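Paired with subunit B in one complex and with subunit C in the other, subunit A is shared by the two complexes that follow.
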Partner chain A sequence: MNLLLIAVVQGLVMGLVYALVSLGLGLIWGVVDVVNFAHAEYMMWAMYATYFAVAGLHLDLLAALPIVVALGFLAGLCTYIVLIRRIMGGPAVTQIFTTFGLLFFLRYSAFAAFGPDFRGITWPPASGSVLILGVPVSTAQADAALAALITFGLLHALLQWTKTGKALQATAQNPAAALALGIEVEWMYMLAWGLSIATAAVGGVFLLTFYQVSPTVGDAFLLLMFASVVLGGFGSVLGPLLGGVVIGLVESVAGNLVSPTFKLAFVFAALLLVLFLRPGGLLGQERRG
Partner chain B sequence: MGVDGHAGDRAVSARAAEAAAGRALLAVGDLHAGYGGQEVLRGVTLCVRPGEVVCVIGPNGAGKSTLLKTIFGFLRATQGAITFDGVSLVGRRPPEILRCGITYVPQGISTLPNLSVDDNLRLAAYVRRDRRVRDDIERLLDAFPALRARRRLRARTLSGGERRILEIARVLLLDPRLVLLDEPTIGLSGAAVEFIYEKVGEFRRRGLAVLLVEQNARTALRHSQRAYVLEQGRVRFEGGGEEILQHPEVRRAYLGGRA
Partner chain C sequence: MKLRRVTRRTLLRWVGGGAAVLGGLRAVPASAQAGDIKVGMLYPLSGSLALIGRDMRQAIDLAADIVNTPHPELAPLTLAAPAGLPKLGGRKMQLVWADAKDPATARAEAERLIDQEKVVALMGCYASAYTATASLAAETRGIPFLNAESSSPTLTQRGFKWFFRTGPTDETFTAMFFQMFGDLRKRGKRIQKLAILSENTEFGATAAKVEQAQAKAQGYQMAAVEMYTSPPATLEAELNRIHAASPDALIANSYLIDAVTTIKALKTMRYFPPALVAQDAGYVLPDYIKDTGKDGYYIMSRASWALGLGARKRLVGRVNDLYRSRYNEDMDETNARSFTGLLTLANAINLGGGTSPTQILQGLLMTDIPEADTIMPWKGIKFDKDGQNLYASGVMVQLLDGKYKVVWPFDLAETSIVWPAPAWDKRS
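Here is the complex of A and B:
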């Protein structure tokens, strides 16, 4: 079979997974104007929550999903209320140190709570593989890609077709003007944090079906998340979607056709190339003003 | 400086403001506010009566924009009183003040660049809970044909004048009793300036009161019933629009001598 086709299909599937876990990072960056370095750690905690719900409480993965997502939403709200609200409008350095501190807090409390072991689950419905365009793809990854598409669809619908979604966009584009229109900008920031961590949780739940969790699992994802968001561009949920897919494709094609050792080098070369040609990202929009 | 410590002062200044204002819609008494430790307003007292166009002029840094921001709750007053229709606005946030019947058009661009003209209008009615918003928007687009032609386009594609028109149109969706306009004609051409003041006149005919701040003092004064001259955070002169326009000292200092 055509090696390129295999690489493209597998890259697309993993790209959708990258897009899903990156989505929330882009959302907070766009709406709240804060860079959340701890984003991958929330995904890691969602993976642990899923692990204990499935392996400990013997819940089905699909029963655990709404619980973990709801917990993620609450964790996002709490993070905004307890921590982020205090640094809004502060210097960029303060914000960077705050979310970096959050990264270490979440990571090392996971070490303390769960130890360094790798843990995974098997979800029987996701065993085996499915054919996509004639290319075999693991069912677990295909399910995660499907979950990504559904999550993107829901969030896109929320942002484009509801009054609250428009208010979120207004807050992203000009918070002072939004406030002058009577939009409770603080609530929009809380909502953005809730949605952001909820989407990371969806990613964590499905990732656990084919990727084991340990407290450092975020390392493999944080850079890819940043690359997806920056490459795709801000201003809509389509940016991280496109960014994640492009990164998945570059990684897979370069990894399969050139050498797996250099796949990340190709990913970041692609990122630099895009930023060189389009500094705002592929779908970049003018952000303020 | 503790805000509560001034509660007594505030009651006094509120009474003073009311006494000065008669049946004022908006009464500002001995208002102090600023950024950080820097006081910009140093005891401003003024009023706006129902259906009146009042302008505030003064040099750069006199505190004109700060005054509007403080009235609308973007900045917290450190001392003094702001009452709207007898209700104190001090300590309230912009969304609450909006619901009281005041709208604010900030200086510079306040349209939402990546949303369509339609969405900009719908969001202007964000605080409205009734079902007539859609009809009202259609009626508004009839009144502003330039916007109807561009209703599906993003606001960022509009010219500066069209954005101002959109901002003015948004005000009408809320049917407020008082409009705060911060430099409504800054950067606009002559024809656009005329159009904006035509709309300000229309606000007045609908019974809306307008408090506007202008660098472009001469035009503003011609369209205002009353005016205040602000200097270093205090009211230096007050009077009728024409009266201020003819005042020799104001002319010398702010209107560039003769004409």
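Here is the complex of A and C:
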């Protein structure tokens, strides 16, 4: 079979998965203007929650999904209320160290709670593979890609067609003006955190169908998440979607056709090239001052 | 709306809790009796290698317990019968554990154990890259360092005076692969084209280099060499290229999550090479079987040890029974090496007759443990001038029906080798 076609199909599918797990990172970055280094750790906790719901409580994955997503939303709200609210407006360095601290806290709490074991589940509907354009793709990955598209669709609809969504966008563009217009900016920040972690939870649920969870699972994804958000651009939902897909494609095509050893080098070379030509990312908007 | 504020005290309590959680991960030495011999244990207890770290710790704890308390039923196992070290008046071994979770921490913890905990010798660190840095700290301070699990050949090629390794190197192991390939060719198997899939730190990179050199020297064709960073998000690109090269055998140097990802991707691709031959690591851990189930069968691996050796050597079964009674699982080929490492170090301290670095060094140089006194299939333990165990060797195992069975050398085999591995649709 044509290696390029295989590379493109597999890259597209993995790219959508990257996009799904990065979406929330871009949302917080865009709306709250905080870089959440702990984003992948929330995804890890969602994977554990899913694991215990499916393997422990014997729930179906689709029954566990709303529970885990709701827990993710709550975790996002709590994180904002307890921690992030206190550092808003503080120096960038404080924000960086706070979310870095959060990363280690979440990771080592997971170590203490669950130990270092790798845990995975088998979800029968996601076993086996499906053919996409004749290329076999794992059903679990295809499901995750589909979940990514649905999540993006829902979030896009929320932002474009609801009053709350428009208020979120206004807050992202200019918090001071939003406040002057009577938008509860504080509420919008909370909502952004809730939505962000909820989308990380969707990613965690579907990732668990084809990837094992352990306290360090975030290491495989964190850099790719950042690359997706930066490459796609801030301030829009479509940014991380496009960013994730481009990164998946570059990684897969360069990996298959040139050399997998240097696939990450190609990914970050592409990132640098985009930033050189378009400093705001592919779909980036002007950042507030 | 007003949000409830978290009081400073509540926050402090949380932070305190977090610190306690972190603190709990740091090893605390067991209560020491005066005169116990403090030995530093540098192993990955957190991070991505924490699972294997825990398994090694269990085996080492058991070994120390066997040294410290009389276990005449395990004779002739080294130091099993007496309580403590007989030449040192029955003094006991006290293990001081530290978390060597990456190369920098491994070195920093080695320095701390030597300078502050005043350990007389060190053992560690499993991952070759960590062992490399930690042993540097021991070398500069003149403290003996015994390694039982790292296989990178360069570790014993650095001209170090204080570094010793009981286990085999990638050169020994890889030579074994090619001896097996040679034996199989004599039986009519077609083995000419090889491929390598390898993680890219000290372990994988060095192993891949050795594999390529030996393949070239013996006239095999190397169809693909794919290196990746562990843990990988995906290994599809690497495996597509290997599939396209259609090797007769795929050699894999992979940690656990990589190994599981490899098997899942191969199944999705509906491809499995005629043989997947692993430099142990991820492919020989109990969690590999747990996570891949039957899909993980038919892989082959080098091993320094296999439970199946118990059929020929009763000591293997007796030690494993003791291990199983404590931890409710079997020993594996990695922690069997750790177990043997600690007994070797205790034996050296005993032989040297004291705990000064030079006495322990003397003890290590005098070490000559016969095969019967170990649980390993080796001819024994005796160090060459570089500190490498002259007799370290191994066997090849294949995962069949959920068990790692010895399949080579043919005269030690528990069962016949399955080569080529059956295609996915032919598996029951």
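Everything that follows uses one rule, which is that the second predicted complex is superposed on the first by the 288 of 289 C-alpha atoms of A that agree within 3 Å, B and C clash if a C-alpha of one lies under 4 Å from a C-alpha of the other, contacts with A are read in each partner's own complex, and residues count from 1 in each chain.
Rule of thumb we're sticking to: contacts are C-beta pairs under 8 Å (C-beta built on N, C-alpha and C of every residue); 3 or more make two chains touch, one makes a residue touch a chain.
If you're wondering where the values come from, they're calculated on a predicted model, not measured in any experiment.
Overlay on subunit A: subunit B and subunit C fit together in the combined arrangement.
Contacts of A:P136 after superposition on the shared chain: subunit C is touched, whereas subunit B is not.
In the superposition on chain A, contact is made by A:Q169 with subunit B only, not with subunit C. Once chain A of one complex is fitted onto chain A of the other, the partner contacts of A:G194 are absent, as it touches neither subunit B nor subunit C.
With the two structures brought together on chain A, the opening angle seen from the C-alpha centre of subunit A toward subunit B and subunit C is 140°, to the nearest 10.
In the superposition on chain A, no contact is made by A:G203 with either subunit B or subunit C.
Subunit A is touched at more residues by one of its partners, and among subunit B and subunit C that partner is C. Touch criterion met: A:L181 reaches subunit B, while subunit C stays clear of it. Once chain A of one complex is fitted onto chain A of the other, the partner contacts of A:N256 are limited to subunit C, with no touch recorded for subunit B. Contacts of A:G30 after superposition on the shared chain: neither subunit B nor subunit C is touched. By the touch criterion stated above, A:G115 is placed in contact with subunit C alone, subunit B being left untouched. Across the superposed structures, the minimum distance from subunit B to subunit C, using CA atoms, reads 10 Å. In the superposition on the C-alpha atoms of chain A, the part of subunit A touched by subunit B in one complex and by subunit C in the other spans residues 184. Per the touch definition, subunit A reaches subunit C in the complex via residues 3, 6-7, 10, 14, 18, 81-82, 85, 104-105, 108-109, 111-112, 115-118, 120, 122, 129, 136-138, 141, 184, 186-187, 210-212, 214-217, 219-221, 224, 251-252, 255-256, 260-261, 263-264. Against subunit A, the residues of subunit B that register as touching in their complex are 72, 74, 93-95, 98-99, 103-106, 109-115, 119, 122-124, 126-127, 156, 170. If you check the complex, the residues on subunit A that touch subunit B are 163, 166-167, 169-170, 173-174, 176-184, 235, 285-286, 289. On the side of subunit C, the complex with subunit A involves touching residues 1, 3-4, 6, 11, 18, 21-22, 24-25, 46-48, 50-51, 53-54, 200, 226-229, 231-234, 236-238, 240-241, 244, 256-257, 260-261, 264-265, 267-270, 287, 291, 293.
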